[in-house]
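Got some structures for you, see below.
Below are two complexes that have chain A in common, paired first with chain B and then with chain C.
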Partner chain A sequence: MIELDGVTRRFGATPVLHGISLAVPEGSFTSILGPSGCGKSTTLRIMAGLDRPSAGRVRLNGVDVTEATASERNVAMVFQSYALYPHLTVAENIALPLAMRQLSRLERLAGVGRLVPGAGAKRAAIGARVREVAAMLGLEDLLARKPAALSGGQKQRVAVGRALVRDPSIFLLDEPLSNLDARLRVQMRAELAALQARTGRAFVYVTHDQAEAMAMSDHVLVMMSGRIAQAGAPRDLYARPATREVATFVGAHPINLLHVTLGASGTTALLPGLRVTGAANARVTLGVRPEHLAPAATGVAARLERVEYLGAESVVHVRLDNGTPLRALAPGDWAPPAPGGALTLAVAPERVHLFDAETGARLPAAAERVAA
Partner chain B sequence: MRPFSLLALLLGAAVVLLPFFWMVSLSLKPADEIFTARVDLLPSRLAWENYATAFTEVPLARFLVNGVIVCGGILVFQIMFAVPCAYALAQRRFPGRTALFGLVLAGLLVPFHVTAIPIFLGLAELRLLNTYFALIVPFVASVFGIFLFRQFFAAMPTELFEAARVDGLSETAIVWRIAFPLAWPAATAFAVFSVTAHWNDLFWPLIATSDPALATPPRGIVYFRDAEAGDDVGPLMAASVVVTTPLIAGFLFAQRRVTQGIATGGLKA
Partner chain C sequence: MRLPRTARERATDLWLAGPAILAMAVLIFAPVAIVAVLSFTDYQFGARTFHWIGWENYATLFTDPVGRKAMTNTLIYVAVVIPFAMGLALVVALGLHALAERFPRISATLRAAYFLPVAATLVAMALAWQMLLHPSIGLVNQILGGLGLPAPDWLSDRGLVIYTLAAIGIWQSVGYNMVLFLAGLAAIPPDLYEAAEVDGATQGWERFWTVTWPMLGPTTLFVAVITATQAFRVFETVATLTRGGPAFASDTLVYALYREGFEYFKAGYASAITMVFFVLMVALTLAQFRVLERRVHYR
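Here is the complex of A and B:
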């Protein structure tokens, strides 16, 4: 497992990471999710040993490796650009990490190496391991090719194979799917998750795509401007976002945020039929996900603006009477009224998130249904 | 437009090639045809004996071997020093990196002739004049080489070197296993520059050596100039042809790589 303890990183005077502490347990698939510039890649580079923290410690399996270089730590990394060695074949690319670790300097020398006793057996073992990994990833037919002759998906597999070939204590993946097309990305998502289950090693997966993080990981760290905004299982992040920012970032459809001042009884005219106990007269932000706001016979009155038909479902853009825009989700077979027509939306009160209007932090109070 | 530019290029090429043509022509002319009032472009008969004389009158083969030893030695050491320096300047972060690179650029501005006398005196004090060492060592650190390779390495993606670090390669291993093989176009271009400059160099061998056994090809050709007996032009030209041919052949061989190395200065993804 890998642990960061109070890790701070400054580039010049600009702090990028503010005292991050986290632990990735053995066998976990942990995603670091966040918008670009939030410090997630820096965190991964510090784990890899490609960057040093300005303060704080890094521990790998209980050993302090803060000052250890990347080659001294036994970690494997898959880069966004794949970073394959263009002058080596696929087989040589995959074999290089093994050759560097298992062969001595003399044994690696071209020509001379073959004369050293025992080197032949080691080379044969490396070759066997490379073929094994290639078979696992479906690369057997490509072993003699150079990276320039591979497609994006194939390069991706070779990069994974290069990480997989030795038995590292942890796998670090830096947005490895972002250069693939949408269909391939979904396929590789499943393959990577299966691979992680098969190796049983810890994976740390950096991404800005919340769908990838939710689909693959058992643990997600949401990073916002150099801090961990929330850590938890994908379900926790979705069901109980700790801040307004996390709520905005997580979820396939952007959440509706309504800035309201609650009345004395904890109600708001904007969403009648809803009452927040213990938050009377407070300025709060109500978060309602589009998937929890559906056209129904009774509920909030609104006017239809636009419908995005997606097949299985439709995104319904409406405007409340006071002009507030909202997004709702309707089943694909829902028949919308004409644009500008009136409709009512039902809200499930237990699905409404409450955030402090000033700080954006989640409020403990819960909304409940009242008779309108 | 096209025929005009073609014509201009042909004229330019003719002007550049004329001395070479004249050299080849003279090297094949019998002695009595060389000193005539008329200008004959082609020899009346091919006087191959000029070449025989060139190889027998002076140890031309020895000069060529010396040229290979000196140019090869210079090139090997130049690459051995320039490639790691360039890699450090391009892909490592350390205090004073920019200043150091500034010094490299400043070094490009200093002609060798400025430092020749101090180097000569130093070698004289060390009693190393008249050795291969004296012919090679002043050139082993090439600022031009450092500059050329640095530009090439700076254009390479940093992730490639980071991947190598994660894969367990030391910085030295990265230089020779990853960076250098990818810099082949730059290395070829540099080799052509370096070999041409040092193969043709007469200035330094003339100063640093007096032993005919150590003479490089241009230094050797000078032995044909004899103030008392008169210049032996036929064999002199034959020797010049022999000395020039390997360079031209080498350049034609490396031509495509050279233009690539200078034009792209980087790595296609």
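Here is the complex of A and C:
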């Protein structure tokens, strides 16, 4: 298990991380999710020992490793660029971490190394382990190739193989799928999750893609401008986002945000039929996900602007009477009215998120249905 | 009337590539052909006639002691200059590259200092070397004398002179090679060093052999070709410092070519030396690319 305790990182005078504290428990698949520039890669590099915090401590299995190098920490890392050694074959790339650790400098020398007593047995053991990992990743036929002769997906597997070949204390993955095409990304997503389950080791997975984080991890840390905005299971992030930014970032379809001032009874003209208890006269932001806003017989009146047909579902762009644009989601077989036509959208009050208009923090108050 | 499309495209090709091909034919291929033809004659500048003498010029170059001396001297010079000019340049480049992270100012100043010999005129610099290496009043021997060491005749000792010139050649090309290596070092993706660190290559030596040296492959090949061609062409220092002497102990191919052609006006013999030089250069460059190309691009 790896823990960060009040980790701050400044580049010159610019703070990038503001006192991050987190814990990745043993055996968990934890994602660090955030937009680019939020400090997620810096956090991972500090875990790896490739970067040092300006303040704060890093603990690995209870031992303070803040000053330890990456190899002393025995972490494995998969880089976004794969970072394969172009002059080595696939087999040599995968074997390198073992060769560096198990063979002496003399034994590693090409030619001479074979003459050292015992080196042959060690090399054979490394070779066997490399073949085992290659079989696990379906790389058996590529072992003699150089990285230049591999496709992006194959390079990705080799990079994963290089991490898997030894028994590291933790696996760190820095946006490993972002250079792959969409179809391969979905496939590798499942494979990585299966690998994690198989090794039983903790994976820390950095990504800017909320779908990856949601699909693979059992724990997600959402980072926003150098701070952890929310930590929790994917379901928590989706159902109870802690801030407006998290609500915007998480979810396949961008959430609708409505900036309103509630009336004395906690109602707003924008969404009739709803009342927020305990937040009378407050300026709030209401968040409604498109998938919780569907065309129905009764509800909020709006005018249709256009429909994006996606097959299984349609994204419906509408405008309220006061000009506020909204996105709703309809089943694929829904027959829309002509553009400009009137329609009504139903919203379930328990699906409405409330945020403070100033700070963006989630408000404890809940919306409830009232008779219109 | 419009020409058919393929004819028009051919005309465009000719119009685009033609002038350059013509210039190359007139300025490069024709002179080389003329030199090749001349090398089989006894032609002298200004003479009205010449005779075909077959391979005699070549035979002279390879059997005559003077001609052989020029060949062996050139090969010794090249054999000394290539490894030292490349090795020292790599060491300097690695040092400056590492220094640039912490002290960019100092690194930039040193880089400029190392590059100065490249920017300076070698003929002018030869004058400075002549003074430094003067047997009695030169700074080098003054220092050696002060340390109680023997003071050799750098430029007039037959056994030493070619190595002295090689040292000056190294001094001159280290700066240029260093700049090339620095560019190569800057192009190595930092991810690879980080991957090496995670993989356990933490010592400088292991990092060098795992990442730096293999990734510098293409740069090293280029530097090797440049250094070799430069070394084969050694002329200025020979012409200004020793004039090939003493007793042809520092005679080199290009200097012999100059002497035979422009002092003795033996155009035929000079052409033969040119052809040998030309073939050597082409062979060397081809060999380097053939042998090394496959090993530096990792395909």
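Following the convention adopted for this analysis, the second predicted complex is superposed on the first by the 372 of 372 C-alpha atoms of A that agree within 3 Å, B and C clash if a C-alpha of one lies under 4 Å from a C-alpha of the other, contacts with A are read in each partner's own complex, and residues count from 1 in each chain.
The rule we apply is simple: a contact is a pair of C-beta atoms (placed from the backbone, for glycine too) under 8 Å apart; a residue touches a chain by one contact, two chains touch by 3 or more.
In this text the structure is predicted, and so the values were computed from the model without any measurement.
When both complexes are overlaid on chain A, chain B and chain C end up clashing with each other.
When the two complexes are overlaid on their common chain A, residue A:S265 makes contact with neither chain B nor chain C. Once the two complexes are laid over each other on the shared chain, residue contacts for A:T298 go to neither chain B nor chain C.
Contact with both chain B and chain C is seen for A:T69 once the two complexes are overlaid on the shared chain. By the document's definition of touching, both partners, chain B and chain C, reach A:A83. After overlaying the two complexes on the shared chain, residue contacts for A:A149 are found with chain C alone; chain B is out of touch. Across the superposed pair, chain B and chain C both touch chain A at residues 48, 50, 69-71, 75-77, 79-81, 83-87, 96-97, 100-101, 162. Within the complex formed with chain A, the chain B residues making contact are 157, 159-160, 162-170, 173, 177-178, 181-182, 267, 269. Taken together, the chain A residues at the contact with chain C in this complex read 48, 50, 69-71, 75-77, 79-81, 83-88, 96-97, 100-101, 105, 146-149, 162.
Within the complex formed with chain B, the chain A residues making contact are 45, 48-50, 69-71, 75-77, 79-81, 83-87, 96-97, 100-101, 162.
Considering their complex, residues 189, 191-192, 194-202, 205-206, 210-211, 214-215, 217, 297-299 of chain C touch chain A.
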